[in-house]
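Input: structures, listed below.
In what follows, chain A forms one complex with chain B and a second complex with chain C.
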Partner chain A sequence: MKRNSRLGSRLCIGLMFLFLYAPILLLIIFSFNAGDSSAVWKGFSLHWYGQLFRNRLIMESVYTTLLVSLLATAIATVAGTFAAIGLYSLGRRRREALLTVNNIPMMNADIVTGVSLCLFFVAFFQGWGTFARWFNSVQSAVELPDRLVLGFGTLLLAHVTFNIPYVILNVAPKLRQMDRNLMDAAQDLGCTWMQAFWKVMLPEIKPGIVSGALIAFTMSIDDFIISYFTAGSASSTLAMTIYGMTKKRVTPEVNAISTLLFLSVLVLLVLSNVKEVRQEARERLGAARKLTALERARQKFAEPQYLWARRGLAGALACVFIVSVGFLSYATGSRPVVNVCSWGEYIDEELITQFEEATGIRVNYQTAESNEALYSLLKSGGADYDVIVPSDYMIGRLIAEDMLEPLDYGQIPNFSLIDDRFKNLSYDPENRYTVPYTWGTLGIIYNTAVVEEEITSWRALYDDKYAGNVLLINNSRDAIGEALFCLGYSVNTTDEAEIREAFALVADANRRGIFQGRVMDEIFLKMEGGNAAIATYYAGDYLSMVDNQAEGVDLAFVIPEEGSNWFVDAMCMLKDAPHQREAHMWINFIASTEANLANMDYIWYASPNREALERYPAYYEELYGEELDPEVYEIMAAPPETLERCEAYRNLPTETLNLYKNLWTHLGAD
Partner chain B sequence: MRNKLSGFAVPYVIWMALMVVIPILIMVVYAFTTAEFEGTLENFSEMGVYASVFVRSFRLALIATLVCLLIGYPVSCWMAREGPGFQRVAMALIMLPMWMNFLLRTYSWMSILENNGLLNQLFRAVGLLDLLGVDYIPMIGTSGAVVLGMVYNYLPFMILPIYSVIVKLDHSLLEAARDLGADSARVFRRVILPLSLPGVLSGVTMVFVPSVSTFAISRLLGGGTQLMLGDLIEQQFLGGAYDPHLGAAISMVMMVIVVVCMVVMNHFGEGEEQAVML
Partner chain C sequence: MSKELIRLAGCTMAFDDEVVLDKINLSIQDKEFLTLLGPSGCGKTTTLRIIGGFQTPTSGDVLFDGVRINAVPPHKRTINTVFQKYALFPHLNVYENIAFGLRIPKTNAQGNKVKLPEEEIDHRVLEMLEIVNLRGFEKRRTAQLSGGQQQRVAIARALVNRPKVLLLDEPLGALDLKLRKDMQNELKRIQKAMEITFVYVTHDQEEALAMSDTVVVMDAGRIQQIGSPEDIYNEPRNAFVADFIGESNIIDGIMRADGVVEIFNRRFQCLDGGFAPDEAVDVVIRPEDVDIVPEDQGQLRGTVTSVTFKGMQYDIIVDFYGFKWLIQTTDLSPVGSRIGIKIDPDGIHVMKKSEYSGMFGDYSSYSEEYEEISDAGCVSEEESGDEE
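Let's turn to the complex of A and B:
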């Protein structure tokens, strides 16, 4: 009877482990997949591991993660230990008050901690900027930097802040258990306070310090939310990189990195467990005679292997530190840099390498999710970009809010190659700020294997027939714009009633469960894998999806009869960008015909470069030995009669923008 | 000596004031001001619109916490009965996924739950889908998927504190209870349960707080069509509707509710030893 019940409970424990480990095993298995799907097996390969080590973004974020975790753990352990000693010597009332404050970062949801730190840093930076400008104006001996941004420094401060409480909580009980007279005794016997601390107190509270440091390190490594709000754009931890990757076309590189992480943690755990078992065995032997703390401490210090371990550890830490500092000074050193922020799947990465080799300038290439998210990032002071590539209407808004720097066209000779119809557009009428990057149209993409009828109207997006199979585009301008088209209004309307009616169409469909999700670049995998049937996205991305569609999926693209949006995305430079010369060089390089051809071929977006646009079919034929399907070319570069049916977004007045923002916040909030 | 040592607390007090208290005060200031930093209560009067988001977040987090408790408590009890070797390995296995980033674990569920994902492929292969006459069973983008993600990610946070309390239970107490004539159910109800309460409370906190404020899990598994509090806050800061003042107000309300929940809950466990960490 008893045996049986134990068997039953073991079975349950086993089931729980199956639940915990099955997804991890799947991740590991698919890291060896030859194909790039995480659901269809195409054979064994180590391809993605090779890719992983070539992926600079991932390798750098692994490095940032380790560095910030180690530094934060080291700082927090020392600071937390001394703080705990200090707290312990305070009176009860004051100690308890302080411990309550100490608990705040642990009790608070991470997001509250992250948000409050983010606001604090930004407020501090603003105050500092004002102070530095004043200080620089009254004297000229010392030049203070007047522009601080979120970055590695703020990330480290945030990690130290949430780590210290864990160290204190672990050290405090050990201090409570310690005999208070020991320290006095040691000092009476002639030790200085320092000696007594090293020889008596430290060995006593060491287990607490070690476990505190371990927990702090774990928390640092695992943290995503607080880093997300405090790291800004310049440095990204592994968790942030992974989050960024899950929002795009996910490649099994993610699986490869998780397999490696899993294995390294597994090895560490096994090692530490073996050590623990050994230690316990030793302790059982040693327990025959009870030792006082003093004796035990002295004995331990005398053990040669202990000494070696200590030295080894110290050596390893020192190495890590030196390598870190070396890397940091290399990364931030004299090499010129340009920080570029664009969209996902929006450049032939070969171009970055070419530019770096030709000029010696390092390109920090990052991506944002949508125009609105980019705007948030810029406003919250988290962005340290030189060049950004927003769309027309957002450029209008950034210019109106004085956030862009005029370009020096003398440094951009390739601007003359841009087709005249993409110059002096309404968002930048005198063309002082922008060099067009691509242009295209918005349309409906649908899987004809699932959708039997031919879709011609935006109404299909809100149709109950396709409930749970439609993807809503996750930015307010496109999502509400589509509804405005559907209702026959202008997308640039400022009429509140019209906008509200359009929003109601979207919100109502959302309430009825029509939308499977709100997506931007996640759309690639969803549509290619046949996981959703209808979505709206940009023409170039449709062509790239067709290239990658899975078996049994047959995608089609349509610009609905009610008309649609056509857009220009253009490169601009942010106000007071720190690397203006490099930014101009980058913009000029990207505007060249060769770069535009390469980009067109890679991302399938039409180029504003006249020569590149005309030459592309020939370029394609030369490259692939077959003719470019004229239909494909037409989708890529919409002909004038299609463009006539389309309307460009314009920047809207502040009240309308606020209305969009408020409505968008309400979506899904019912 | 005492006075000398208390000097150690000074840098810490300054640090905490600067990095914990002031940021929260700044958040409060944001919550009560407009974009032009004029005092307002508008951010809070708008809060009614988001009542359903609060309700949804707290409901889902509560469900996830309950499921974690229902799985975690028996598992902890059963594990505590096993031999030391089994316990050591089991503990290591429970800790192990915690060291992998939770985003990776959540991501792996995405490929399982998709309409064309592994689970639906499996159902198709065994003929379940034909039997039901559907093309797929919708799983991704539902509240169920979000709860699953929470349970999956935070289950270890429930098991660890409960287990560490139960494993330290004084066995003579149980024997005494049995000697005094209590049956197993009574021993459990009157001895084990009350004594393990601190672990339960700490586990509930450690599951509930991250669940109620998550945005990554709801975004990846829930599709983002049904907002949760974390999504709402994230949207105001780094997402598609920039308004840090409203975001700060929502964060503040959430913080207050969570703190009130904690205080009420810890009131239950009053007199017990302080909550057990890990």
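Let's turn to the complex of A and C:
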């Protein structure tokens, strides 16, 4: 009996650890995958690690992350330590109250901290702008910048802010343990307060300071949410970049960087724990224990005659630090810049380098996760982008709300290369604001190994035959839009009865258990691995799924006979963009045939550039030495007769958008 | 021996309206051993911290050699302190603890910072180790030392700076009884050898009487009495001092004339005078000053209600007309027996009535009180007058 129960508890512990660590283990394993799927193993390779170090977006954000974490840790450690000391000079009642207040930011949801900091910075910038304009108008000796924006500075301030409580929390117990008379004793023996601090208090509370700094550093490296709200457009931390990269699919590159991140945090954790354990052991054993060689060396180093060496080391570290800060300010400050916000995995990064080399303009390339997220970021006033790449319906909305700057097409000669089909579209009828970036179609992706018939209609999505095998796209506009197509209505209808009828079609199928789930990014993994049979997604993404499909899976793509959605993503310039000349140069560069070919090859979305569209099959053959399958090309760039059947989304009136929102939140609730 | 070194003039200390010290006036002579004695919270540690410079009095002046030093920080005073629980630096060994003060650069007459040469530091540290009998302990960590050894390190660390005054805050509080007695002698010896002023804080009246040249009895932020140990014991000024120093029976009396005091309607001869006719007074009778005689020969008669054997003598409690006295005697009188007592005129001390009258000197609840007294020696609570 007893044996059994022990076995049981061991099993429990084993399972617990399995649940805790299996996902991370899986991630580490797949970071060595030769293929680029996260579901199918294609052999061992270090390819993705190499790729990682060539990825400039990642390398830049690693640099930003390290710099912001180190600086924030250093500042927070000093500030937090002195704050804790200050707390301890107060009376008990006030101290306890303040320590409780100190704990609140740590318990607080990151999202609240992030949003409130963002609000605070934006409000401050507005106040500052008013002051600076007034100040500049009354005198001309000093010109104050009147337009401050979120960036590295605010990111750093935010990190310092959320790190300080952790430092206080770690230093406070050491202060509590310390004999209060020690500081008095040191001063009694001739020290000033500052001397006493260095000679007595610091050695006493050092373990607390070190562990506080380590935790602060880990928190900084780790943070996503607060950074996301305070970094603005110019900086992106590693966590933010990874998040942007996972929006479409988890590439093994993300696995690789996550593995490295996990390992470095692990090392930090182990270091701080080992330190603690060793110290406890030392206290238990006293000095009777023999010192290790390292400790002997350290003790020797602490002797007075090595003062010069210690000072030299500290000086050298300070120099490295200052140089790296200087480098950053040089890199960001002195060169012309253009701030671009696009989507994750939506550009051949080689193009950024080419542009920078050709023009000397630094491209600050950031990503947003969706049109809606971009919109709210812009509305909050926290972003400072020059060029954005929203989708058609969102462009309509931005124009309607006067958030875009008309383009000077004189500076964009390559606009003439854009096919007329993609000019003067409904969202920008006179084509004053936009230069198309890509276009594509939504269609049904299905696994022919499971679905034996050929799918031609949206009805397949709601068919009992495929119950439990269909993935519903988790986006009200697309999901209800598919049903509207199926019923033969316009996707841009504002007729409430039609929309309700379409929703009923989806909701009824949902009740009957047709849908396996509502997903966005998971579509890649599920379809590649053969875990679902039918899904709807964009043509370009279908092609990358085919590339990664597991054995026994055979994916096909169809634009149903009832028609489908086709979309255009176009480059626009934000109202009052600070770098308009550079923005025009960038837009013109991206609109060129070469850039369009490179992008088309990289992201497999169709190009709006007439020449590029025509030349792509030849380009492909030249590049890969094999002919491009005409069928693939047709899926990539739907022929005009298919496009006839398709309809682009338009910006809907508010009441219709609200209806969509209400209906969607009630899906599955009844 | 009579030159004044430190003077506190009208020093008041208040924390958030709570008055901890109330207009203290105190004069400390050069090379004397002065003890601040009183129960927890009486203000003795605060007084010490004012002298050390760790606290600045809310009002009043602190004078050192005739110079006002209210605003002089601790590191600029030629005063060193031995702290409660020693406050040794845990990250330094014995040698470095003692050398700590010597390694701080000092400003010389020309205003330059100068460091003591390493040889002099070494010489002075070893000399101090000699004085406190700790040769050979240089490399030990402080955590490896016994309480008494830590105590000596703390003293050496303070004295190595050659201060004019050494402040000691309950330095023996954490030691056991035997060690405490040894250290008392040790401290006295060091004070004599170094020829400096010691200001000593304790709540242990025996310790105070045994070591001091001058005892300052404090209670509730006020000085109750200043005097030599003999004065304090024999001529307590009020019921508090009488009760706090040694054992006392304190009885209400009426002064009928100079040298005549009436207790329990009986007149006793005494040596005190200078009171108004028929003034109500407190009368102190020490337990050892009472002679037990057969009942019929006694000035007062009572019944023995309790007997405790104390080794050298018996402590017996005797009920006189409902008021219980403590009497120390070498002769056993069993519980329940009737006895008489006689008191010589020099065994009676008459005090003016004070705020403490009626609060002390009744042994009706003897056993509990005894517990309290014997406990007090081991408890070393921090004074409530401290920062918090």
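Rule of thumb we're sticking to: the second predicted complex is superposed on the first by the 387 of 670 C-alpha atoms of A that agree within 3 Å, B and C clash if a C-alpha of one lies under 4 Å from a C-alpha of the other, contacts with A are read in each partner's own complex, and residues count from 1 in each chain.
Just so we're on the same page, a contact is a pair of C-beta atoms (placed from the backbone, for glycine too) under 8 Å apart; a residue touches a chain by one contact, two chains touch by 3 or more.
Everything quoted here is computed from the prediction, not taken from an experiment.
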With both complexes superposed on chain A, which partner does A:184 reach: first (chain B), second (chain C), both or neither? both
Check whether A:194 is in contact with chain B, with chain C, with both or with neither, and answer first, second, both or neither. neither
Just checking: does A:92 make contact with chain B only, chain C only, both, or neither of them? Give me first, second, both or neither. second
In the overlay, answer first, second, both or neither for which of chain B and chain C A:203 touches. second
Classify the contacts of A:497 with the two partner chains as first (chain B alone), second (chain C alone), both, or neither. neither
So, does A:475 touch the first partner chain B, the second partner chain C, both, or neither? first
Touching partner for A:142 - first (chain B), second (chain C), both, neither: neither
For A:221, using the defined touch cut-off, is the partner it touches chain B, chain C, both, or neither? Pick first, second, both or neither. first
Which chain makes contact with more of the residues of chain A, chain B or else chain C? B
Chain A contact set shared between chain B and chain C covers 184, 187
In the complex, chain A residues that touch chain C: 91-92, 179, 181-182, 184-192, 195, 199-200, 203-204, 283, 286-287
Which part of chain C faces chain A closely enough to touch in the complex? 16, 52, 54, 73-75, 79-81, 83-85, 87, 89-91, 100-101, 104, 106, 140-141, 143-144, 157-158, 161, 387-388
Considering only the defined contacts, which chain A positions touch chain B in the complex? 6, 9-10, 12-13, 16-17, 19-21, 23-24, 26-27, 30, 38-39, 79, 82-83, 85-90, 98, 101-102, 104-105, 107-113, 115-120, 123, 157-158, 161, 164, 166, 169-170, 183-184, 187, 193, 215, 218, 221-222, 224-225, 228-229, 238-239, 242-243, 246, 250, 254, 257-258, 261-262, 265-266, 269-270, 273, 276-277, 369-370, 372-373, 375-377, 379-380, 382, 450, 468-469, 472, 474-476, 510, 513, 515-519, 526, 529-532, 550, 661-662, 664-670
List of chain B residues in touch with chain A within their complex: 1-13, 15-16, 19-24, 26-27, 30, 49-50, 52-53, 71, 74-75, 78-79, 81-82, 88, 90, 92-105, 107-112, 114-118, 121, 135, 138, 140-141, 152, 155-156, 205, 209-210, 212-213, 215-216, 220, 222-227, 230-244, 246-248, 251, 254-255, 258-259, 262, 277-278
